[in-house]
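Labels for the chains are A, B and C, by order of writing; each one numbers its residues from 1.
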Amino acid sequence: MGYQVAADQGVALDAPVGRAASDPRGKISAFLAPKRKTRLALLLGAPMLWLVVAYLGSLGVLFASAFWTTDSFTGAVVHSYSLDNLREVYTQPLYRTVAVRTISVALLVTVLDALIAFPMAFYMSKVARPGIRQLLVVAVLTPLWASYLVKAYAWRSLLAPHGPLSWVAGGYTPGYGLAATVITLTYLWLPYMVIPIYAGFERVPRSLLEASADLGASPYRTIRSVILPMVFPAIAAGSIFTFSLTLGDYIAVGIVGGKTQMLANVIYGQLVTANNQPLAAALATIPLIAIVLYLLLMRRTGALENV
Amino acid sequence: MELPSRLRWTLRVLAWIGLAFLYVPLLLVLLNAFNKSRTFGFPPTGLTLEWWRAAWHSEGARSALGTSVRAAIGATAIALVLGTMAAFAVQRYHFFGRSTISLLVILPIALPGIVTGIALNAAFRTVLDPLGIGFGLTTVIIGHATFCIVLVFNNVQARLRRMSGSLEEASADLGATGWQTFRMVTLPNLRSALFAGALLAFGLSFDEIVVTTFTSSPDVQTLPIWIFGNLFRPNQAPVVNVVAAVLIIAAVLPVWLALRLAGEDAASSRI
Amino acid sequence: MRVTLGRVGTALAATAVAAVVVACSSSSKSSSGGQAASGQKPPSVPMASSVGAGEGALNIIAWAGYAESGQNDPKVDWVHPFEQQTGCKVNVKIGNTSDEMVQLMRTGQYDGVSASGDATLRLIYAGDVAPVNTDLVPNYKTISAFLKNGKWNSVDGQMYGIPHGWGANLLMWNPSSVTGTQDSWAAVFDKSDQYKGKVTAYDSPIYIADAALYLMATQPNLGIKDPYSLTSAQLDAAVALLEKQKANIGEYWADYTKEVQAFESGTSVIGTTWQVIANTINGGAKTKVKTVLPKEGSTGWSDTWMISSKAKHPNCMYKWMDYIVSPSVNAQVAEYFGEAPAQTLACQHTSDKTFCQTYHALDQAYSNQLHYWTTPQKQCVNGGGSDCTDYAQWVTKWQQIKG
């Protein structure tokens, strides 16, 4: 009988519901059923073990090593407590310059991506015909499968002295530097901004737009007062990716950035060139603080539910 | 009533400009895969298939591809399990620290790769080495799974939020055990979310280079590491373009299929 | 609710404990790490007494062009014959700079490295490499005598590696964009404004020595005797020169293929280079370049194959070291790269019969003129005192220069 009711609900079953009392799986389920907290603990256990103990633990050790120093000749790590590294990181003008440059680039890339992605997502969600919509989503997702390195290198080719851009623009090309870095990073992270905003737009009912128009609002008023507030958490969600991915990038910068240095280049340099892991760890506190602050800020906008 | 036609027209133009921006570099990659000049002179002096022949015979590329696929499958599998478990815990239960979980889960992907990479490298060296587990495919998979969890977590959590618990309650009322309910009621509804999360996780793991550099060993080369080593080499750079071109073309089909199978829901998949 | 509070609390406590445990047992290869000049001994690492059968694999770190397997040019391959002879399958990791090589060796995942003089002592004193039993390397006997028991590859008469070859850093330029014969480093320093945006330089703090070398010739009043032993004032002068140069730099290069690509695409037209890079560019269709060893002299490198103290395939490494300095192979490497071979008998096997003369392979006096890469330390060379700047300071200055 239960079988019938379940089938009516549209739940397809190929066996009668319920198990023989001696079935071990049934016993475990029965045992766990009333114990909410045990179930929670089991569910949460493995992921938390992984993330908290393994990941946070290793992060903790890394940042603990910021308090150590290195032997000046061999570069081996010496376990003696010292605040030198942190002091150096937060007082040296070099690190301040690079940090400011990196954060500015990250914010600029985020803004550019938002500006490009917004009309794209708007079009895909509200204007394009349903058949085209899926194709457009595929079109936006596909570049994610082209290797990040190859895309960065493609921009190197595009911006080369006698490359396609100079051929089209009559010999002009910005060359490799900060501008090229911003363009390339904007390009690389664009799909990560389009997808969340598109998802956000999907949640804006068309009836709202129609109502706004009926009440006499111009399209731009509608966008400003109706759409933007509703879609903003989604934009914030996308910005988490563009901001953090730009903050940590050192490879694309090395390919198109010419002689530009960003924060991650400096960290990598201290780690590999100087073999100075403690100083690299001290430097890594800068992006850590920046990102945690950014995440906390975005959490207030509700972005984390829209990611 | 539709949106005003001038707005629609503006949006259409802007959207297509955006798509063009997305695809011009990819078209260049495709062109350079056939470019006769190995330094990618523009306009190309001639077209050739020799790079395709070289890529076909390139043992390095093929083994790197295989390694990447295996790593991505492993990472996706782990991420699916752990991400779903975490999403269930957060969505279906109330407990202290619940809102911190979403912050915690996103941390591996939000922190710069180099920070995660160095941290995991040091951790593996101190914890796994004494146990005899050296660096290799295992450590690569562990590293990838760590930041892939969030992709599955977000998608499953979003879907669970839309699914009320009433179907599951009904199933329980009818006498199904917890496991049966999960397998026959919840899972089918979750399928498209799991699919979307798995697809994104696979893609991210496949393309990841920074964390991989710090968690791999000399003989385990994933595709991005192979590409990085050959990117500027005069005789290999065109082969790299061929590999990339193949990846782009090869990716269109699964992505499209995934979206078709999963239906409208997956089109709003979560990063 | 309370149970889970307890759970979270326990988890955090466990993390803290784990972190402390891990921190205390963390790797510190040699916290003693002595200064080379203060007479301290390197850590005692066992030396092999015999070479057994190959282990079937070999992981090495090499400079570009030292371990070619046909990937760059199908005709240039001495790795596959080695694999066939010994059964050791070779994985080569190209190290772009000495620093990278030191860091990679420290991971313990590699069996050996072709280390330049600015890496060797750091590796020896950190205990990352083992002393080499030269009796197990038959081809060692006929290596140039002036490369044996050098300050950079031995301690107290014990060799820590097998010399491979040596050469100079050169000035390279593209004649179609840079007119006239070049013979001075001034082209990339004082006179680099004319190539603004197209100058390139080696992306490593050791390049500061190149600036110091230029100052030795142009500003003798600074009193620089050795480009690697710089007092603070001398270092600041070199840094000032490099900061001026930076305005004209388009890109720095660490990956040699990046410099090849930069010259071929026209991004760079003049800069410092290795002969192998010029050979690679000239082997291509479009661009042709020229090189010269400028009149102010040059920095250079003398490379030594070293075996890791944690080598998982020590037998294969010894076989490789013997193979790479065997006469015909050393000749192949030297000709492909464009350097002086360490093996004296290699001169009979080069395809260009004047090769050894051109590269002054057997000329000790010439070799002594080059300023080989050495790790800067506090102890000045030539008895200048102990107030010289060390490598850590060079690194910080280098990052400052790059801004």
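Please note the rule applied: contacts are C-beta pairs under 8 Å (C-beta built on N, C-alpha and C of every residue); 3 or more make two chains touch, one makes a residue touch a chain.
As the structure is a computational prediction, the values presented were derived from the model and not from experiment.
The touch graph of these protein chains is complete, with an edge between every pair of chains.
Set against one another, A-C and B-C show the most C-beta pairs in contact at A-C. Note on chain placement: the centre of subunit A and the centre of subunit B lie 12 Å apart, centres being C-alpha means.
The centroid of the Cα atoms in subunit B and the matching centroid in subunit C are 37 Å apart. Along subunit A, residues 40, 44, 48, 52, 56-57, 61, 65, 160, 162-163, 271 each make contact with two or more other chains. Residue numbers of subunit B whose C-beta contacts span two or more other chains: 40-41, 95, 122-123, 126, 231, 237. Counting partner chains per residue, subunit C has residues 4, 22, 26-27, 265 touching two or more of them.
Within the complex, the subunit C residues that touch subunit A are 3-4, 7, 11-12, 14-16, 18-19, 22-24, 26-31, 33-36, 97, 99-100, 102-103, 106, 122, 125-126, 197, 204-205, 246, 249-252, 265-267, 375, 377-378, 390-392, 395-396, 398-400, 402-403. Partner subunit B is touched in their complex by these residues of subunit A: 2, 5-6, 9, 11-13, 17-19, 25-26, 28-30, 32-33, 36, 39-40, 43-44, 46-48, 50-52, 54-59, 61-62, 65, 116-117, 119-120, 122-124, 126-128, 133-151, 153-155, 157-158, 160, 162-164, 167, 187, 190-192, 194-196, 198-199, 202, 209-210, 213-214, 219, 237-238, 240-241, 244, 247-251, 255, 264, 267-268, 271, 277, 280-281, 284, 287-288, 291, 295-296, 299, 304-305, 307.
Those residues of subunit C whose C-beta lies close enough to touch subunit B in the complex are 1, 4-5, 8, 22, 25-27, 57, 59, 71-73, 91, 93-94, 107, 109-110, 255, 257-258, 260-261, 264-265, 280, 284-286. The residues of subunit A lying in touch with subunit C in their complex are 37, 40-41, 44, 48, 52-53, 56-57, 60-61, 64-65, 70-79, 94, 97-98, 160-163, 175-176, 258-259, 261, 266, 269-276.
Across the complex, subunit A is touched by residues 1, 3-4, 6-8, 10-12, 14-15, 18-19, 21-26, 28-29, 32, 40-43, 81-83, 85-86, 88-89, 93, 95, 99, 102-116, 118-120, 122-123, 126, 142, 145-146, 149-150, 154, 167, 170-171, 174-180, 184-185, 203, 206-207, 209-210, 223-224, 227-228, 231, 237, 240-241, 243-244, 247-248, 250-252, 255-256, 259-260, 267-271 of subunit B.
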